[in-house]
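Down below is the structure, laid out as structure tokens.
Just so it is clear, A, B and C label the chains in written order, and each chain counts residues from 1 on its own.
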Amino acid sequence: MTARFVRDAPIDARSAPVAAIAWPLRWRRAWFATPAMSALSLLLLALFAFACVRFFDWAIVRAHWVGQSSAACPGDEGACWAFVIARWKPWLVGNYPIGQIWRAWACFGAFALFWIWVVRRPTAARPGPVLLGFVFLPVAFLLLLIGGGPLAFVAPSQIGGLLLTLVVTLSTFATALPTGLCIALGRRSELPLVRALCGLFVEGMRAVPLLAVLFIAVTLLPMFLPHGVDVDLFTRAVIAFALFNAAMAAEVFRGGLQAVGRGQIEAATTVGLSRFATLRWIVLPQAIPAVVPALVNIMIAVIKETTLLSVIGVNDLLGAVEIGAKSPDWVGESNILTSGYVFLALAYLAICYSLSRYSRRLEPSS
Amino acid sequence: MIASDAATIASVRASGEPPIVQLQAINKWYGDYHALRDIDLAVNGGERIVVCGPSGSGKSTLVRTVNLLESFEQGRVQVCGIDVAAHAITRAARLAVNRRVGMVFQQFNLFPHMSVLANLTVGPVFGRGTSRAEAHDIAMHYLARVGLTDHAQKRPAQLSGGQQQRVAIARALCTRPQLVLFDEPTAALDPEMVNEVLQTMESLAADGMTMIVVTHEMGFARRVADRVVFMDQGQIIEIAKPDDFFERPQSRRLASFLSRILTH
Amino acid sequence: MLRAVLRERLSGYVVQALLAALVAWLAWAAVANFRANMHALGVSVGFGFLRAQAGFQIAQSLVPFGPASSYLDAVIAAALNTLLVVLLASVLSTIIALLVAFGRLAPHGIVRSASTVYVEVFRNIPLLLQILFWYFSAIALLPGVADSLQFGGVLLNNRGLFLPLGADRPHVEGFDVAGGIAILPELMALTLGLAIYNSTFLAEIFRAGIVSVPSGQIEAATTVGLSGTRAALLIVMPQALRVALPAAGGQYQTLAKASSLAAAIGYPDIMQIVGGTIASQTSQALEAMALVVVMYATINLCIALVVGVANRRLLARAHG
């Protein structure tokens, strides 16, 4: 017969035992548990060490840092950072007149301050002011850079390099977001014609490559305008970017709007809000914060898309490197172009990675 | 080993058969939280054990330790002849144990992309190497056992909660286990479906299947259990036969628990 | 009551009528301007040019294309080239993505970190930059024809990758390579760039699918005695694919559109030939770009259809 059991004295909680396995032993357990895993670990470590050593050798030890022409970087042994350093001005501002360069620095500085302010805001803060800032900054920058009136006029075509990337990214973002929101709202309209036009626009833009839209804007847009009107290349490119990304933003906003359940709108009706008031006070305040991470992802995509400008002849950061590598001072060694590419890769990596970290920080932790 | 279940083990040794499950000095921590404290428990073949207690008492953790779904930091587990110590919980051991022990979950955990019949045959065919024909026959037999032959080709989503849980019981039986564990099998069911599942479990018990059941269904415990285990704060407080357990609780905590539960 | 309802709807009708009028006016103005401008330039309108002789060469063509071929032949050759690179890149991308997705979920710490680094690095570098790197830096570093690398019957140099076709083995002839199938460096660079860039997004999509399978499923698989690999194949993957397939389909569409970057390195695909060469040679940019748009939209539609069919079959499949 099984006996009865009764516990008289309760067992108090004890603290967890210190891990029985010391640190080095735990690594050994994790990485070298079986012969197969040991082989894999050793192989991976060896590959990693080899790659590090080779890259370090190429990028630091045998690199050439000083010089004004390809003569400074003979051979294929090391990186040609002289190329990058000597041409700092085209990278950063393109052909912007050197006398007015303070305006470019002002733009960079203003954006840096703005970005620091954005990043330091707590994630729960309302996105309204930030989005407004993103809309007004490019307007301010364009006015400052192009000038006219008291400031000397600088043609938009003289803006290049990182400055151009910054201006195009911000302009695209500033135009695509409001347009995209309107289109997303239009797709939910009760008027069938409005719904159809908005849907057609979005599906049409999603079906074609951005490069095709750029080509069309560059080659065809002048054809549809009356004879005298002329739009310069920069503006055409920005229009193409804006329209394309407006469609992308519209899709993002559509998701956000749909996520606000029907119960919310019904409740708003029962407390007597008009359709517009429901939208303004109930739907949008819930929809927009939900899609901010996706909007940041659009911005990252736009930064990467600006490289396409080099294909149509606009002098962005990538274009500046290519032009530099073909200029008479630097043409020749393939190492020079490679060094330029590596520099660009690191630059874009730094920018896009930090933005994606920020976007992940904004996502609700679920 | 403290004297918690020494008498049980002694009596079992007297009968000659080793217990089908033996937990010795099991201690488990979640981080720094002492979830299972000095657990000693032996279950014999053919016994029906019901484990109950307030939520957070560690009853589910205890049952999941038996089939090694949960690891533990100190102690030893012996299940169906397989001996596992605290730091030696290998994948092979877990697999071996689970091929002798079946489990029914609170959330059913049926495979949604397979038909009911496929849910029952996948374990025998791909885990034990049973031929498809034989697995099919075993599956139909147990489907009939739980009264759901007509639903063999349906998807789990097409069945009610009670029917899904009965399929889950059949699935556990298809691997021909020596012991079946039940982790709050009726807790996620609407009240009108609780009974059909309890009846299935009772008929299973009547056939002599060894069962360890975590549940709040006290009526079931009274009718079916050989012993009832009461747990609180990660430790076993009292073990007794159902009559003694419910009529003559000897620990204060069990008494107050029963008074809360039974005057519902 | 009916009147009140109609009155409310009236503003809607008015807005739509005005909108329709606006769109019609814009369209009319655009067409009028277009015709005026084209007339001034002396350029004809219409697709008649497709029958005319193209007169240019295409470096790679899966169908015969010579000096006497028409523009239509050029369009077909370009379309086939696009399909070729999209297919190659999709297959390669999927293989890499599956490896990386499992790598990110592996218990081995180094494998996990390596996979994460791979995804972050190749996702944040613009695709165009990656393609240019492969084309100008990596492939340009390959040895010349005279010093070709050789593995079995395969030749590799900076003119391309040459594979044997049955008995026809590639061999060096003077300054060129004769025989076998030639894979252009442009195709290699484009395929590599597209495959690696898109594999980062696909890997995340696959990983999200795998992670979305509730852990209770894996526990249940354990309790019926299914081991790790078998549980993964029978229980986890079907459910993971169901979640991942729609998003993966979208990514393949993105890949198809991104193949248009061929124009940056001169690979003769739709964008380069139709949107570039044909458009500039005939000056009929509208017709050419219309063709480009229609062709890419068709390719995307086909991918959507294939994914839709696969999705339905995945949902309908009953095991056992």
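Just so we're on the same page, contacts are C-beta pairs under 8 Å (C-beta built on N, C-alpha and C of every residue); 3 or more make two chains touch, one makes a residue touch a chain.
Everything numeric in this text was worked out from a predicted model, so none of it was measured.
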Contact graph of the chains (line, ring, star, complete, other): complete
Selected interface, A-B versus A-C, where C-beta contact pairs are more numerous: A-C
Separation of mean Cα positions, chain B and chain A [Å, integer]: 53
Chain A-chain C separation of Cα centroids, rounded to whole Å: 22
Residues of chain C whose C-beta touches two or more other chains: none
Contact set on chain C toward chain A in their complex: 12, 15-16, 19-20, 23, 30, 33-34, 36-38, 40, 107-111, 114, 120-121, 123-129, 132-133, 136-137, 140-141, 257-258, 260-261, 263-264, 271, 275, 279, 285-286, 289, 292-293, 296-297, 300-301
In the complex, chain A residues that touch chain C: 30-31, 37, 40-41, 44-45, 48, 190-194, 197, 207-212, 215-216, 219-220, 222-227, 300, 303-305, 307-308, 310-311, 318, 322, 334, 337-338, 341, 344-345, 348-349, 352-353, 356
Residues of chain A touching chain B in the complex: 1-8, 10-11, 13-17, 20
Chain B-touching residues of chain C, taken from the complex the two chains share: 214, 216-217, 219-228, 230, 234-235, 238-239, 242, 317-320
Residue numbers on chain B that touch chain A, as the complex places them: 4-5, 7-8, 11, 27, 29, 31-34, 37-38, 44, 73-74, 87, 226-227, 233-241, 244, 250-251
